[in-house]
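Each structure below is given as structure tokens.
Consider the two complexes below, in which chain A is the common component and chain B and chain C are the respective partners.
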Partner chain A sequence: MPPLRSFLGPCRLSGVCLRGVCLRGVHLRAVSSCVVVLLGLALLAPLGAAQAQRVEDTHTVTAEVAPVSAVSVTALPPLVTGPESGGAVTGTYSVVTNRPAAQSIVVSVEGTPPEGVALYVDLEPPTGAQKAREASLQVLTPDGTATPRAVVTGIGQVSATDLTVSVRTEVGVAAAPGDAAVRLSFELVE
Partner chain B sequence: MRLQIRPNTTLRVQGTPALTLPAPGQPAETPDGAATYALTTNTGAPKEIRASLDEALPPGLSLEVKVGAPESRGRGATSDGWTALRPSAARVVHDIQKSRDSGVPITYRAVATAQAAPEDYRVTVTYTITRSN
Partner chain C sequence: MAEQARLAMDVRVRSAPCLLSAAGARAAWVGLALLLWAGLPDEAAGQTLFFEGGPPVLRIDRFVPGRTTATATDASTTLVYERAPRGGRGRKVMVSAARAPARFGLSVEAVDPVPGTSTGPVPLRDGRAPAALLRNVAPCPQRNAGRSCEGRVALRYRLRADIDDRPGRATYTVRYTLLAQ
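This part shows the complex of A and B:
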């Protein structure tokens, strides 16, 4: 049994056992009352704390970002040209990709190109990317050989519009007069 | 007989909100009923609900929430409308007094730029109801 003095501090707070410090029985009862009061205070304390406590709950939200890689070219205007004159047209293109890996725009000629026509392509690179060469790249030779070319490289996560695309032609005498269509493909590849 | 009515406030969010972002710059919104909450509070003091993220969103991804206002006695609770979610708590509903309501809508809206890599992101949104300052 600890000395009564050690309980006097807390007991005074409760106002229960300021008296009866002489008899052992009274002493015990006083100590019991103190314990009860202190226990009661201890039980009430969390209640008060709970009232002051903030109430909260959580949500887990999932957001799926779909992979996107696309190049879109506006229709290029028709080009009127002839032997020894050549010519060039310009248009615009847009590119969007959220893939972290570096990509390139590859330009190629699809289908059967007209004979005697050479084509050169030049693209303005989006921010952070580079031209494969300063000069425009040849994608079609007069003998009809089509060679896909990576015209812009190092394309990172970007969304850019109104970038310039230029197509230059050189027409030889082998090219038959009349209308001819050349189908160009622009592809974003890793 | 002595009756003691204790002050009590409970907030429970429900649902599994999921968003699919089709392309950079195109926002997506959770459908109706995807997320709701229930609120019970018998204390009259004006309270507000705040929302926060457990961590910062990845670059290029932004997330907003619109939390409906619960039925509330007194002058009536008010939603703060679309609110950007960040690690710091932002108020989403205010002027809540005594209330017991459930199925109150929570709508999420997200948008990604090209800087957000294609993958599934999981974020934890914590809702806290506190006494208004």
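This part shows the complex of A and C:
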């Protein structure tokens, strides 16, 4: 399309000028309407573009996986024993951890233990882990000394259940007859 | 009178380079007014979408013993999308993710869209092409003069982690796009 100036010239066909100017015979009103329409469309174009830009939107989703370490033991049945004899009970435990670093299960005696009672603990290790010793570990001596023990070591990322836990006692003559509660703690540590 | 007749004829003949006659210009004005009254054309306008609620935060802080996977869900965000004007084409919503880490599994599902059809859970993985989340978004049933006609859908995110995934935090940038179907 030639520039607007090239349209300017005397009216040759119509012989009629609007305010003395013709655009090579095109009536100024028609041209101005054309310009206005084009101008309007030009104004609309950015508006349309702005609308089109909003056809998509983003948002941020945060996902977090926390470090998990848990070990839980089913309630052990009562352990009945007498002088010069020992008894044992078994139960199950579960262990869950997603920590990449190797961990251990440490068993300890909480509270005040009864006199004359020794306590041994044995745990079945989950896949990939090992027992600290093949034999059960003593966590309580007859004189009342409690020693925390790492019973299972090398626990990696695992979710296992129904693993066997066994507790055995040895009772000396110093033990008083009657019921005595012993509270065991199982802890997963690095 | 004769001059006016000649002038009118002259306009019809010479206005061709502008592609608009005087009558055409008037028609264009009317069309422009109608355009502004009825809203912009289907493909260029109205295809807006935005979010309500959120931002979603999903956290896994426990695993059930014996199970090696854990999940967390979040449905706190609603996606609001503009429907096509009456008589327009149906629309769909596409979704994709950027900066998504490979170690976790995140998916999003359109739940109970009105209107539209959910395509089910869509995995959000980095570099994956946009996938359809929502289809068959019907146009507005009636003319909404100057007002928007919206659809809504709940976004249910689901995070899945395996026991051997390294703990940590990840941020996903999820992009939604409204397109003509």
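To be clear about the criterion, the second predicted complex is superposed on the first by the 128 of 190 C-alpha atoms of A that agree within 3 Å, B and C clash if a C-alpha of one lies under 4 Å from a C-alpha of the other, contacts with A are read in each partner's own complex, and residues count from 1 in each chain.
By definition in this document, contacts are C-beta pairs under 8 Å (C-beta built on N, C-alpha and C of every residue); 3 or more make two chains touch, one makes a residue touch a chain.
None of the values given here were measured: they were computed from a predicted structure.
Asker: Identify which of chain B and chain C touches the larger number of residues of chain A.
Answerer: The partner making contact with more of chain A's residues is C.
Asker: May I ask you to decide whether A:75 touches chain B, chain C, both, or neither, giving the answer as first, second, both or neither?
Answerer: Neither partner.
Asker: Answer with first, second, both or neither: which of chain B and chain C does A:135 touch in the superposed model?
Answerer: After superposing on A, A:135 lies clear of both chain B and chain C.
Asker: Considering only touches as defined above, state whether A:181 meets chain B (first), chain C (second), both or neither.
Answerer: In the superposition, A:181 touches no partner, neither chain B nor chain C.
Asker: Looking at A:94, would you say it contacts chain B, chain C, both, or neither? Reply first, second, both or neither.
Answerer: second
Asker: Of the partners chain B and chain C, which touch A:161 in the superposed model: first, second, both, neither?
Answerer: A:161: touches chain C, not chain B.
Asker: Identify the partner contact of A:56: answer first if only chain B is touched, second if only chain C is, both if each is, neither if none is.
Answerer: both
Asker: Do chain B and chain C touch any of the same residues on chain A, and if so, which?
Answerer: Correct list for chain A: 47, 51, 54-68, 96-100, 157-159.
Asker: For chain A, which residues count as touching chain B in their complex?
Answerer: Within the complex, chain A touches chain B at residues 47, 51, 54-68, 96-100, 157-159.
Asker: In the complex formed with chain A, which residues of chain B make contact?
Answerer: For chain B paired with chain A, touching residues are 6-7, 9-13, 15-25, 28, 35, 37, 54, 60-61, 63, 106, 108, 110, 112-130.
Asker: Over in the complex, which chain C residues touch chain A? Could you list them?
Answerer: Within the complex, chain C touches chain A at residues 3, 6-7, 10-11, 13-15, 17-22, 25-26, 28-29, 32, 35, 40-41, 44-51, 54-68, 74, 77, 104, 106, 124, 157, 159, 161, 163-179.
Asker: State the interface residues of chain A toward chain C in the complex, per the touch definition above.
Answerer: Per the stated touch rule, the residues are 1, 7, 13-16, 23-27, 29-31, 33-34, 36-37, 40-41, 44, 47-48, 51-52, 54-68, 70, 72, 94-100, 157-162.
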